[in-house]
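See the structures that follow.
One chain, chain A, links the two complexes that follow: it is found with chain B in the first and with chain C in the second.
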Partner chain A sequence: MGTLTSAIAASRSALTAERVRIEAAVSNLANAESTRGPDGTPYRRRDVVLEAQPVGPFDTLVGGGTPAAGVRVAGVVEDRAPFQRRYQPSHPDADAEGFVALPNVDQAEEMVDMLGAARAYQANLSAITLIRDVIQRALELGK
Partner chain B sequence: MAVDAISAAVAPPGATGITGTLRPPAASGAGSPAQAPGFVDSLGRLVLAADDAGRVANETVGAMLGGTGDVHEAMIALQQADIALQLTVQVRNKLVQAYQEIMRMPI
Partner chain C sequence: MSIAVARQVIAAGNLANLDTPGFRAQELAFDKALDSRVGGLQLASTSAGHLPAAPGPQAVAARDAGGSPRRDGNTVQLDRELLTMTEAAGDFAKAQTALAAKFRLVRYALSEGR
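The block that comes next holds the complex of A and B.
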């Protein structure tokens, strides 16, 4: 409909992206102790790659030379950092030396990521609320 | 001459003047600006847009309930449908207001 609705579309794309970030952090936390996955190796930490994405007429006003307003999930990549090793000979997945390979997930880091994503989600919700209020104020001109 | 012009605009209903622009361009008289889209056409397009937004909102809410959509997508679609409807209602109010204003005009 116009620039304001494109701005809502941009915020909406950000909401989806932040939701995926939260899901990735939740998945990492849930699998912090998973010593085996479908391929037999321990779970690898997932990371979300975000990419700027043009959204309608909003770009022509905001983007300038580099049209970019919305955001989209370019992909979910696996963290190639080495696995943690814990000495636990009784574990069925322990190697010959008695060490178990654990996922390369740092729980504190995941908590921080999750909080950041949740705050970003809230910020985008606020932006949408603001745009809606602006439109409704404009509509009140007709009353 | 001025009186003639006014009576000509008022007397034949649906032919010229205000009534002419209130009709679709195809049905309007020769004297009216048929090329410019009238107020009612805009209202018609707005109604269609509001209907479209309502349909999209309905689909998005259905997708959310079906487990394939997001809550925020559904809420945003509902808000956009609400805004489109409010805009349509405001335009319609102005149209009715203008009509009543003209009907109150002493001739």
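The block that comes next holds the complex of A and C.
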């Protein structure tokens, strides 16, 4: 059962990672029109970098076989793509030519990203349910 | 049961990395797993000069499951992994039923048929 707990640990790491992705997408959507960030420049789109990472090193040490491949958030990076420009001379942040620099956020892209993350979250939740059932069956041996 | 668990663990790892760029889906190398089970059989040594057979591999190996990568180089297929997990859970339940029946027999014998 030791390795089954490492399978759950892998799924749990994915739940965390997918939640971070959803949070990033929500933050991007919320700031799609923010022309002033903390440093005075428009908001930059945030992207989450995921990285595979083995979980359950203890199981491997005691000969539990292949470690489960978990996932971790390697970092949140800012998208360096150029800002969008919109002609709006009345805006206080407009430049001399009357253009406003808007965040490099594509709302459709964020929605698709959010859907993908939500589906992945659901899939990992199903995985945890399945593993839990297996553990339950293993415990029934003692009855 | 151990093999069902190993498949479960590998599929869970694949699912966890559903969105990791460049991640290659893994699968249980069934032939290797089988070898590690029957590898425990020893050749009969009828003469003192016989060398013992090499021990079989102990750890269950995972290998690249293949499949064409998506644009981000990831080869995990959601449906495939969930199917593997369901299948492995079923296999585990089958093995558990058989083992539980065996235990019941032992208990029956221990209680002298009462």
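The rule is short, and it goes like this: the second predicted complex is superposed on the first by the 130 of 143 C-alpha atoms of A that agree within 3 Å, B and C clash if a C-alpha of one lies under 4 Å from a C-alpha of the other, contacts with A are read in each partner's own complex, and residues count from 1 in each chain.
Keep in mind that, in the parts below, contacts are C-beta pairs under 8 Å (C-beta built on N, C-alpha and C of every residue); 3 or more make two chains touch, one makes a residue touch a chain.
The structure displayed is predicted, hence computed values, not measured ones.
*Asks:* Report clash or fit for the pair chain B and chain C bound to chain A in the combined superposed model.
*Replies:* On the shared chain A, the partners fit.
*Asks:* Which of the two partners, first being chain B and second being chain C, lies in contact with A:M114: first, second, both, or neither?
*Replies:* A:M114 sits against neither chain B nor chain C.
*Asks:* A:I8 in the overlay: touching chain B, chain C, both, or neither? Say first, second, both or neither.
*Replies:* Both partners, chain B and chain C.
*Asks:* Once the shared chain is lined up, is A:L50 touching chain B (first), chain C (second), both, or neither of them?
*Replies:* second
*Asks:* Does chain B (first) or chain C (second) touch A:L130, or do both, or does neither?
*Replies:* Second partner only, chain C.
*Asks:* Where does A:R19 make contact in the superposed view: on chain B (first), on chain C (second), on both, or on neither?
*Replies:* first
*Asks:* Take the Cα centre of chain A as the vertex and report the angle out to the centres of chain B and chain C, nearest 10 degrees.
*Replies:* 40
*Asks:* Between chain C and chain B, which one touches more residues of chain A when both complexes sit on the common chain A?
*Replies:* After superposition, C is the partner touching more of chain A.
*Asks:* Kindly classify A:V105 by the partners it touches after superposition: chain B alone (first), chain C alone (second), both, or neither?
*Replies:* After superposition on chain A, A:V105 lies in contact with neither partner.
*Asks:* Between chain B and chain C, what is the tightest CA to CA spacing in Å in the combined model?
*Replies:* Between chain B and chain C, the shortest C-alpha distance works out to 6 Å.
*Asks:* Shared contact residues on chain A, chain B side and chain C side combined as an intersection?
*Replies:* Shared contact residues on chain A (touching chain B in one complex, chain C in the other): 1, 8, 143.
*Asks:* Would you tell me which residues of chain B are touching chain A in their complex?
*Replies:* These residues of chain B touch chain A: 49, 70, 72-73, 76, 79-80, 83-84, 86-87, 90-91, 93-94.
*Asks:* Write out the stretch or stretches of chain C touching chain A in their complex.
*Replies:* Touch list, chain C to chain A: 1, 4-6, 8-21, 23, 26, 58-62, 78, 81-82, 85-86, 88-89, 92-93, 96, 99-100, 103.
*Asks:* For chain A, which residues are in contact with chain B within the complex?
*Replies:* Spelled out, the residues of chain A in touch with chain B are 1, 5, 8, 12, 15-16, 19, 125, 128, 132, 135-136, 139, 142-143.
*Asks:* So in the complex, which bits of chain A are touching chain C?
*Replies:* Contacts found on chain A: 1, 3-4, 6-8, 10-11, 13-14, 17-18, 21, 50-52, 63, 65-66, 68-71, 116-117, 119-120, 123-124, 126-127, 130-131, 133-134, 137-138, 140-141, 143.
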